[in-house]
Amino acid sequence: MTKPEIKSESVWIQAATPKKIRNLKETIIEVILFLAAFSSVATTIGIMEVLIVESVHFFEKVPLIQFLTDTVWSPLFANPRYGIIPLLSGTLTTSSVAMFVAIPLGTIAAIYLSEFAPPRLREVVKPCLELLAAIPTVVYGYFAFLNVTPFLQTFLPDLPSFNMLSAGLVMGLMIIPLISSISEDAMRAVPLTLREGSYATGATRLQTALNVVLPAAISGISAAYILGVSRAVGETMIVAIAAGLQPNLTFNPFSEAATITAYIVQVSLGDLPHGSIEYQSIFAAGIMLVILTLIFNIIGYFLAKKYREVY
Amino acid sequence: MQQEQLSNLRANIERRKLISAVFSGLGLLIIFVSTLILFILIAQMMMAGLPRITPQFFTSFPSRHPEEAGILSAWVGTLLVMLVTALIAIPLGIAAGIYLEEYSKKNWLSAIIEINVTNLAGVPSIIYGLLALGLFVYQFNLGQSIIAAGLTLALLILPVVIVTTREAIRAIPNSLREAAYAVGASRWQVVADHILPYSFGSILTGVIIGLSRAIGETAPVITIGALTFIAFLPDAPLQANFPFINFNWLKAPFTVMPIQMFNWVSRPEPEFEVNAAAAGTVLIVMTLGMNAVAIYVRYRFRKGIKW
Amino acid sequence: MVNPIFPSMMSNIKEFQPKAEVRNLDFYYAGSNKPALRSINLTIPERQVTSLIGPSGCGKTTLLRCFNRMHDLYAANRYEGGIYIDTVNILAHKVDPIEVRMRIGMVFQKPNPFPKSVYENVAYGLRVRGEKKREFIDYKVEEALRGAALWDEVKDRLNTSAYDLSGGQQQRLCIARALVTDPEIILFDEPTSALDPIATNSIEELIGKLEEKVTILIVTHSMQQAARISDYTAFMYLGELMEFGQTKIMFQEPTHEKTKEYISGRFG
């Protein structure tokens, strides 16, 4: 067998495709992938554009002051009034009921899963909680309206068939896994040596969990709470089905009321001529929703910063 | 230690341990009771809907008479919308995830993209509906159609797909990447030949879970203007004459399962409650079924890969 | 006081009052059939500093963590044999690990103060057992901080975060945290390996003062440190106790072959 002849100029191994074409192909691929990633920015821009443009049209017809201070929301009446406060009270009341359920139960569940549950039990029990988050919200709405309300009416006979209590309770149930799973992750991230330091002074598991792990994980836990609140504020179907579509300025959960989201659904169910004030009103409602969520996020960010411990 | 001190100490310890144990029981109880409540509610609904779940239910259109009303237009609508959603969200989300994990550099642009993805995951679904209404239905002139709905739901579940893809890719050890680069593979070759195949199972799981979420989404689809009473099906995609495929169905009016259920729940006649329960049962079977498939997929793929 | 295993080393050990006796201790980590500790027999002298030395993996930290039942925190660890303090086997099932930990304190390798103020860190050991009287807690906190040679440096900032202290100060804070409950034994797990030389020096001086009141058992990676601060040394190798005796004598004339090799740096 003869040795292959080696050319005098050094020649590196030739690839099948010349370098220039390979580079071009790589660049094109990178650009495509970048555009895909950029679609998220485009989505946000799209959302902002749509909300702002239509809201501006709305506020040309309805003064901002009236929007923010009027206490009646009746856009579909002969003499329409556009005060957002009743919708706000509906949203805040239902969300408060939901958080009253989800925060304590979710936090206790998280502490249990993170600090107490043996690993095998955790594997069985965690998916059960995740199940609560997988149910479509329209089904939860059904539960709230057709199961929970009649059940509550057995000992609260004056409870109206549309009420904020049922909606809030069922929303709370749905949000428990959200709070519990994020809080649990935050607690598990606390270093072992901090826990051992507590146990070494003779503390019980509960004392260690409450006095050392919880404070150390507070920023993650408050992020969980904020996410829960945002979820509650943005929820649509459960409140539309169970709390009704009738705007009502009240903070009493035993009454019927409409939330910001329920209003949007109510209007969308009917005819919505493009450019009409009803059409624009849902975008104004939408922008209110976004601002509300933003306020909660900012509050949460600052609370977390204040209490965060760096270790 | 003196005897009295010692017994005080022991009593104190016993008390604290008791409180700790009670709390532990409470935690387990909360989880158990929440799950139990859910099961009871689901069981109630299934039993209420059982009389209506017949083959006719799946092959009939909605009607003013509850006994004759069925979910034909609804489940066909769901199927078609899901098709569009999947075709858009899967490539877009996976591509975005690949870019963010394998290609992006640490500059302000990438930071903005990442903030956006996180942000969008928290935006209420009805806002996506408003986006779709203003942009897709009117500005892009897609009309109140299946393609608008598919596009909207795709954007809705996009953050889920992106995050899942990123985590799946991150789980691949760097040593594998370096081995591929070391033999001279280009970045895309590493991704296509190594990263994607290894993370395929996890990505698939996340995609299925995302789609199961999309199936249950009602609010954005209502906002677009899906009709709640549809007594016809969109044109079939396949046809007898050239070019054998038509896309009319994309722009057709439509309805989906959750909207049908919503419509029946909102009716005052109690007989429609049975329909709502039946639709809800079908919806739950679809959603939980997909979740189960996702878990199974994850399990099978975990078994296959040994780093 | 008898050392049953090494009668030939009697000359190495001067008379001391035993605080704790380890008898035939075997220890198995969860799911393992190979013992991490093998037939340990050791007497810990009261109010002296005893150091545990040996190469990596010899089991010295494992042995240390038996003394305050730290291993119980992780399921399926197994002890065989006993550690006797005041004639009670603290490893027995019927003995509550929480009680053990209230009477035996521990200082960890990397300072691990809680995300709380300086005051609350030290007070934690008292609060955990339900102590509520403000003056009593104030008194004990000051006493513990003085005992840890930290009082002067923190007395004006008791309510600031513990994380604002330097590494050496944080470690002394952890020592104060262990002192506040008047423990009988304090376990030190390589307490200065994460600290700079100046901080190390202050901790070593502190340990020298502490031994007047408390029995001290210290794991150390540094033979020089063992030589500097301990009265007695136990040398361990691959889970077994090779030699035990007065530090001075053991370092100058070790009896066991392996001890000689380790001390002269033949392996580490």
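To keep things simple, chains are lettered A, B and C as they appear, and every chain counts its residues starting from 1.
One rule holds in what follows: contacts are C-beta pairs under 8 Å (C-beta built on N, C-alpha and C of every residue); 3 or more make two chains touch, one makes a residue touch a chain.
Chain by chain, the UniProt names read as follows: A = Phosphate transport system permease protein.
This one's a predicted model, so the numbers in the text were calculated from it and none came from an experiment.
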| item | value |
| --- | --- |
| Chain C reached from chain A - shortest hop count over touching chains | 1 |
| Pair sharing more residue contacts (C-beta pairs) when B-C is set against A-B | A-B |
| Per-chain CA centroid nearest to the all-protein CA mean | A |
| Farthest-lying chain, centroid of Cα atoms versus that of chain C | B |
| Distance between the centres, which are taken as Cα means, of chain C and chain A, whole angstrom | 49 |
| For chain B paired with chain C, centre-to-centre distance based on mean C-alpha positions, whole Å | 54 |
| Centre-to-centre distance between chain B and chain A (centres being mean Cα positions), rounded to whole Å | 15 |
| Per-residue multi-chain contacts in chain B, two or more chains | 13, 16-17 |
| Contacts with 2+ other chains: residues of chain C | 98-99, 102, 128-129 |
| Per-residue overlap in chain A, given as positions that touch at least 2 other chains | 202, 204, 207 |
| Chain A-facing residues of chain B, complex | 13, 16-17, 19-20, 23-24, 26-28, 30-31, 34-35, 37-38, 41-42, 44-45, 91-93, 95-96, 98-100, 103-104, 112-113, 116-117, 119-120, 122-131, 133-135, 138, 155, 158-159, 162, 186-188, 212-213, 215-219, 222-225, 228, 258, 261-262, 265-266, 273, 276-277, 280, 283-284, 287-288, 291 |
| Partner chain B, residues of chain C touching it in the complex | 96, 98-99, 102-103, 128-130 |
| For the chain A and chain C complex, residues of the former touching the latter | 118, 191, 193-194, 196-204, 207, 211-212, 215-216, 309-311 |
| List of chain C residues in touch with chain A within their complex | 68, 70, 73, 75, 98-99, 101-102, 105-106, 108, 110, 112-116, 124-125, 127-129, 161, 163, 174, 177-178, 181 |
| Chain C contact footprint on chain B (complex, rising order) | 1, 9-10, 12-13, 16-17 |
